[in-house]
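Contents: one structure, followed by commentary.
The first chain written gets the first letter, and so on, giving A, B and C; residue counts start at 1 in each chain.
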């Protein structure tokens, strides 16, 4: 078992609640439960419902060194009208870009329901002085970001400097102002589900609106079990304090089938109240086209070609 | 000049480490002695003291149980004359003592031979260990009076069970002499209890007793079938000697427990 | 309250997400109108001239008619097995092994068909028959197939020989899996068998007869005699048997033990249970909840080793019960063939009555009943997942085996008290312990008087893992090297 992590003293949850006990997670059972939920067979209208919901939950993401304004504008167009030939297809939840392109996205998306999310705090490593991270956040917000995806300092967490992680979340939250804060744990670097659980609690205590699994730059990124693990923390926090925290599974989710598995885990862990983009997001890029393809297949009964959908 | 009159032993029961008379006050003349004739109540008391002894004896380390049994062999050795007089002679006593030594050595090897680690198809560590069944009723064979009893008693006791022996009706003295060796060894009180008397009176009581876990009917001859039927009342393990001396004889007084635990980060 | 509501236009969550029906195709299995007995490698009409229907518990529809084996039929089956024993026991062990391997493969190949048949005839959810019963049944044949030509290595210093004809009686909760538990080790050791399936679930055993045909199991090595309890009684009384292996109720097990008293017939019994599932306050709580749910609602609680007594450390009682109830509300009850069904039908109307009667006793004795809101189908036999809180150790629901989806919650304060309460039963089949503390798991495992202890898991089974009870839960082990011993004598 991982070392027991003491939570920082006098943690105050937003909302004045009390943190649940740190608790622990049994990996084998957690993975077993996730595998079981992955076997749910979602058919017909319940499948269409899930596909539509998954689109509305997507943070359509591009986080490449090669990103350009042109790329971001194309992505923003796709975000608003994923299938130009089908008006019934909803927009995605947000477009997720680096701070330097947040302004481009913000202009491209103005007037639409699609939010601008921007990674910040020295994404993806989080290895920079706090002032730099905060400046990163302020710049993103100034450029029009509605949502900030920060990374925690995994080095600090793993070396036991939990208080530092907490302080940084608090500081970033403050810098966010009205912007919505997603805290990326980078679960693939934390080593155990126990650590994921504790890191989630620290992030929530620091003011996270969402817990996000991964940067997408580390493998493994989001997995079903780690998603279940975080959702269970969110459930405990909600049960004990009434505080609503959302979650974003990011990285590695490429197929409609996977997306539906995530939704089943969400549905059967937190209930129908969490089946909204306000409380759950899927950080993805290629997923969107597979969802579109499956929707058209489901409606027409004919297997579709990927070339029917735009590559952006 | 008169010949010295020897001081004769009173053969009593052995229950809970003490040598009481039968609560019924009855005796039976066998082999030239007035041997206690145990009652149903004595049998009940013996089961109570055996049950009390189970936790401590089965909870002792295997090494400790082996040493204690070896100590029994030592005390038997020093009582060779008495044991020989109560059995067919010194050769039988020697055989019985060597048998106790042999079984003593099994105490800390049993789990390795009878147990296993089981390669289940999943992320679980899984192992199986022998554990004593608890209280064993033992109908001792008539012949050989000492070694016949030891051959059944030693495998039952070495695994951690507590035993209530119904001594041979026709040759009960060997059992009581053995009890005296037990009493002076380090075998904890209650681990071995010896009842003398009428088998037909005692065996059905133990066979039907709901707090007895197993019954060895090796010495029960024609009564075995009736005892087995009574044993069904609480699904007792019914044991018979299959081999003269073997770890599988110990196994027949043992349960097997399988433990699972996940293997995960 | 949260920032979420303050800054974003709420996107309303839907009222519900109902999964559409996802039924497994039933057409994969076809039953004959009427089945005879499988004796000497052939389907034969019963001498009893008597038949009875087998009913699907989820729809009450008759699936087929099966033969009521009478005394004469049982005698013929035992004769056939005895005849076959002469050659089967002398067959080269490596050849015997290959027959078992073939059976394992065919079970894998026909797994879907057999799983559907199992769910139709017994009412269990297809996801369980598909993911548990069938894979494990095949695995058992594979495991014991490997032992057939290695028996001399299993028991150091002994020379193993087959016993002869094994009479095997299996229950209705895992019809094909229990068949595999019985037949695989028996055949591997060189015995021949007469198997009596449960009255309410004979069909997969009869399909297994066809598996034997495909695997070229020699005639008479496996015989299957269907019928009710009287058929089993005839079988146990037959003179030509050398071994009885019974899985079922403690009451019948005792009757069999009595019946065999004084006969040279070896016996193993796998009987009832009232397992304690013990939860300490330091455990991984959400996973414990999964284990509790799996422990009692798996196979509608028709499991001898079900964790039917939940012993919770008092300090986390309320929290755990809250989590448990919430989890119970997500259980999907209904059509066993639906791939999303978690809890299927109760096996028979008789069993349903027994469950209902015991649940009523729980209410009458003052325990507090909770059942999640759920719609039960109109036809068939159903019982909602049930949990009782405020249960006292003396209540009937805390002492008697219910064999249904009914959990009794009791509390304890210290490890010693947990052990004392857990062991305070005439049964001793299984137990569960949930704690993060390694030393406590081992301490508890050492003291629990039961044949299986699951630490931080529950209801796990494997062909290599010995299974069986202490006390009135029976004797003898099935599974593993230890599972060979009941089918051998030693020279």
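The rule is short, and it goes like this: a residue touches a chain if its C-beta (ideal position, glycine included) is under 8 Å from a C-beta of that chain, and two chains touch if they have at least 3 such contacts.
Note that the structure is a prediction, hence the values are computed from the model and not measured.
Viewed as a contact network, the protein chains are fully connected, with every chain touching every other.
For the interfaces B-C and A-B, the C-beta contact count is higher for B-C.
Rounded to a whole number, the gap between the C-alpha centres of chain A and chain C is 42 angstrom.
Annotation: 36 Å between the Cα-based centres of chain B and chain C.
Taking each chain's centre as the average of its CA atoms, chain A and chain B sit 68 Å apart.
Touching of two or more other chains is recorded for residues 456-457 of chain C.
Those residues of chain B in touch with two or more other chains are numbered 124, 262.
Residue positions of chain A touching 2 or more other chains: 26, 28-29. Interface residues of chain A, counted against chain C in their complex, comprise 1, 14-15, 23-26, 28-30, 32-33, 39-47, 49-50, 53, 56, 178-181, 207, 209, 232, 239, 242-246, 263, 267-268, 272-279. Within the complex formed with chain A, the chain B residues making contact are 123-124, 262-265. Per the touch definition, chain A reaches chain B in the complex via residues 26-29, 31, 191-193. Residues 113, 116, 118-122, 124, 126, 128, 133, 213, 224-229, 231-235, 237, 242-243, 246, 248, 255-262 of chain B are the ones that touch chain C when the two sit in their complex.
The residues of chain C lying in touch with chain A in their complex are 1-8, 10-22, 127, 131, 282-287, 290-291, 322, 330, 339-340, 436, 456-457.
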